[in-house]
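In what follows, structures are represented as structure tokens.
Shared between the two complexes below is chain A, which pairs with chain B and chain C, respectively.
Presenting the complex of A and B:
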């Protein structure tokens, strides 16, 4: 037998000037795009705030699912991830800026800045006259929106800190009794049900309530899966970047292969949830539900079908073979496309409802539900993302990566006293 | 085999087993005569099965009116039981396919029995859609075949038809998966068998020789089947959920149904695996292979899926209010506070509240508590289906057609009959096949056996035999008739001789551990032989004090004190 024992390479990541500059330029592009959006926007700045919600919730979701997956791995005794699990710890640190970003948005909703065009239920006049909105008001109201956003994202950040500090303390004070790891095994499973319940509640508020009349029990899991796949894409891309810079030399093709499998499998899982939600609503054809898909199929056909093509057909065929999951080229291609695809997925979840609300509110005087002239006219930034949306996305990703890399640089890239480190070093698929 | 295993991982095989020990321990269940417990269990199971068959015949003879279904409640115990059994059938394939892809080593201890359970559960489930048709001779109408009914084809738009395909596919793939795993193990049984028995196992093992090529093909086939079976784990219960969710009945039409049904199925499947394995490991003495670690791992799956089901229940409940759709709201109001409130609270308690106890490590590792919980969850999951089906149907859109439903003795009898079918099959299975997959257990011995776990190098097995053979001054080998010792027969004597023990004096000096190890490593099954008294007997025999030996042997029981 004689298990081979390999020395773990302990190295620290350090930000290079080039990287900082690139990220700063990305953030600059984002700020510039958002500024421009604000200028060309309608009176209520619908495009600006939907872009803000879209991108802020997207990166929040990536950092949340990173924490979630880290806790899943610890709970499930997964050993292979040890070498690079610090990446997820660092991603989860973005939950602090996420707290600020989503908190800011919640404050905007709370104080009714602009004209509350983001959420139909935030308009007091509509709630008075609209029976459905009125019935939902115990849940869909400004107070609860602010409170739940702060409490839930705050709780997530607390767990992100906890996991991170235990992991870093393990480097210095880790023992062969694996005391730190045993503590992690208490915190990680405690987070899982909290994550399960809270993510559902917050997704209903942030995203599902944009289509305030509509409901779907699947919605929270569906968007959660979308976040999760985006997180796997981000992990693959950042890991490949770090490897290209000479870090993580002990992370082998085997680890990359397994991450590729996760991308493949969870793309299919996302499709499963997409199909289940769509098919059931289409099949039953209940008036209360079909509106959501009807509007997307009729007015957003490009996005509607591109969503499936990019997020299912592409990864399914590209990543089916073993070899494409191990080759940097094909895997990077799939990860970039799918990351963008899920960003589009969130775009499609958010924009139609918000645009509809904007139309409703802009023409409130004309009576409820009246469609304005030009409601169906094509609008860049709503029916399809324009350059400003792409620019905003680049900006938010820049911010996310900056926070991530800064957190990553604060501790060694590999937890040397993790109990599974030798397993991870000798990982074979 | 040199991949390191973290010291934090507990062993999955205990008792310092050698490869040979594993073969002995796991094949013996198919070789010995059935125990009294088995016979009693079998009689009960067959009696239940017989009663079930009687009730089915009664149903078919007298018509579906022998059940208490009515115009309002068209589905009752039949479909509840159907969904319940299909759900139970999910754990096996999850363990064999998904856990294989996730490289979970603990699956090896339980996969064989769980897969068998899957197959038997799906058989039980399959009964109900057939008999609930009433006119069972029309059953072939569900198949799309060239027929004389003109352009009349099965309704391909119906999820009930999708169910037929989903479940028959699932059954086929599960069966293939199960059998593939059994082939090398049947070959092991064959190699130890004689006569007719050998011929049967020879046939069953498809001429397996254990060559490298056979293993290679076997492994590729297992992976391919795992790949096929993984989507099936999701698809089967997804389509069962479509039976309800595609309708426009409040409480049935909800988009979360597909993944929530799958999670619930895994939840109930693992509960049933626990129920069976806790009994099986105890009766068949498999504690070294189905360890407390296995039980704890399964309890973790139970608490995880229980939480998923919990999120789904509360999501449904919340969204029914949130929807603002009065019928949806009423459906849930009726479930919780209507005439069947007890089934809703039973479901909530058994499936959401009680699994919370499994957050405690102590309770996860408590076998009696686990057994109790597994039963509770089985009940809870039955309630869940009853709530979804009967409770929801009982109060529909028209208050004038509201109804209440209790099953007749025929319906109860058929349900009991499925238990009979299930346990009859299971009890036969434990007699004809190794309950724990021998080949797969062997594959993890070097990484998860307790003598290796945590990267330990096991101590060399003690060389036990005396090095110098007893030789007389004439140069001849001295041999005593060791068969005079109680507990030693001709085969054991051969084994001892082969190990260099041929005289009473040598035997008198041998240690019990050493003798046991000779037995363990010898050809044949000597689990019934205990060497604990042999040295003492041999010491007396060496002195030639035959009376004293006789006196001692009178007190012994087969060589045991």
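Presenting the complex of A and C:
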């Protein structure tokens, strides 16, 4: 032990023109798709705003879970990530644009531009007459929605800045007493309970409350796991891209293998939560709970089953063997599919409830009872994602990656004074 | 009685010395019979040219047998053998089968792999495993040669050159 000391390679990432152009084109596709969606939309722009919520919350979740996992690693003395942990610091910097995006959405909900029908509980007339919505109104109301969105995402961003600035200051002023690391070990564990409770609350109000009459205590865990798996996929794909450009040459198959294990393990964790939620509701068979799954199984069968196939069956069998987690081809395939799969998962969480609300308010339903009969006619962009949804996704990923790469370029790719850097260099599984 | 082998083995104090010694042995084409360490040493397997264990493939097969046993078993029991209606659910209630299917998959895989491992290693309740030296379970790192493959003189000079603290012979 200690007989081998490897020199850590310190390099800086710089944006190439080709990369910037590609990301700009992606953002352009997104803006174009969103503009088009706005024009072909219904009066209330339900498709536009659900797409906005879907993609904005998805990328917000990726940057939030990056920060969360960074803090988990610091708290757990996990050294193997040190070589490339700057990537997670950079991903977490997206929480500032996320603050703007989700804040914008919260303002739209607050002021109810035009007839905003995204959330059933945001319709004052429904709340008056609907007992359930009325009972939930202390939590599900416009004031709290706006306030919690700004406060929670703002807090996340504060921690993202804190972890990042400590890490960068360590490069210049790091000491052998590891002063910076000790400070990180105060901030990181402080963030974990905050992250746990606040993410649950924000998922309830952003996503679960689209089905305003329904609730599930598993929901926050389940969609949080979805965010986490998406973050691991993004990490793998970006890391492999950076390696292919010659960066991170000291990140070895061993690190990639461990990221593959996280993808494999947390895909199973997600499935466990998905099934726990499903089975309890199926078993209890209470009408107001089963409605959530009934509509998804009857009107969205392709997405409902594809969700399980892509996010469980595929990574389970593709990544089961040792070798497939280490080979770039199979790992990239699984990461791309699962990232897309969890995007579909969020699509399926968001669209049915929003479409239902839109129908209900358009027909001046009084909240409940009058809507149970009959399936809604098939609509692209609601029952299945259309090209405009894919375009919007590309746009948001482009924005996310642009912010990420710009943040990544601002500091060396590897923190040279991190106390775990030698452990990370010699990582072996 | 199984036939015995004459071993000559050297004990090292440190796994770095051990790894360096193995590299020397490989370079000199000395056939290493086995290496014993008190804890898993990273990077040892490729140096010794060991193949990846096939135990996990067996584990997958055992797990698959568990899956089928549970799922088909419950299917037969609840649809053919003794159909009972639980809470108005259909006889063939797949979601209710999943937890038990999962448990039996894990159970079959776990027990199957443990039993396979014991059989392959010749271990079992009451079996007295003969060891070259008790200290290889404590703090010594051991390289063992088979005397019929590597003669004693070559082995002795190899151990001395590579810094083994102790050289012994034993017949097992």
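Here, the second predicted complex is superposed on the first by the 416 of 429 C-alpha atoms of A that agree within 3 Å, B and C clash if a C-alpha of one lies under 4 Å from a C-alpha of the other, contacts with A are read in each partner's own complex, and residues count from 1 in each chain.
Methods note: contacts are C-beta pairs under 8 Å (C-beta built on N, C-alpha and C of every residue); 3 or more make two chains touch, one makes a residue touch a chain.
A quick note: this is a predicted structure, and the numbers were derived from the prediction, not measured.
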Of chain C and chain B, partner touching more chain A residues: B
First (chain B), second (chain C), both or neither touched by A:320: second
Touched partner set for A:139, first chain B, second chain C, both or neither: first
First (chain B), second (chain C), both or neither touched by A:283: both
First, second, both or neither for A:428, with chain B first and chain C second: both
Doubly contacted residues of chain A, that is, touched by chain B and again by chain C: 1, 3, 279, 283, 285, 428
Contact set on chain B toward chain A in their complex: 1-9, 231, 234, 238, 242, 245-248, 253-259, 300, 304, 307-308, 310-312, 314-316, 319, 322-325, 359, 446, 452, 455, 457
Chain A - residues contacting chain C, complex: 1, 3, 275, 278-279, 282-283, 285, 320, 322, 428
Complex contacts: residues of chain C adjacent to chain A: 15-16, 42-43, 52, 56, 60, 87-89, 95-96, 98-99
Contact set on chain A toward chain B in their complex: 1-5, 75, 77, 79, 131-132, 135-136, 139, 176, 178, 181, 189, 192-193, 196-197, 200, 204, 213, 215-221, 268, 272-273, 276-277, 279-281, 283-286, 288, 419-420, 422-423, 425-426, 428
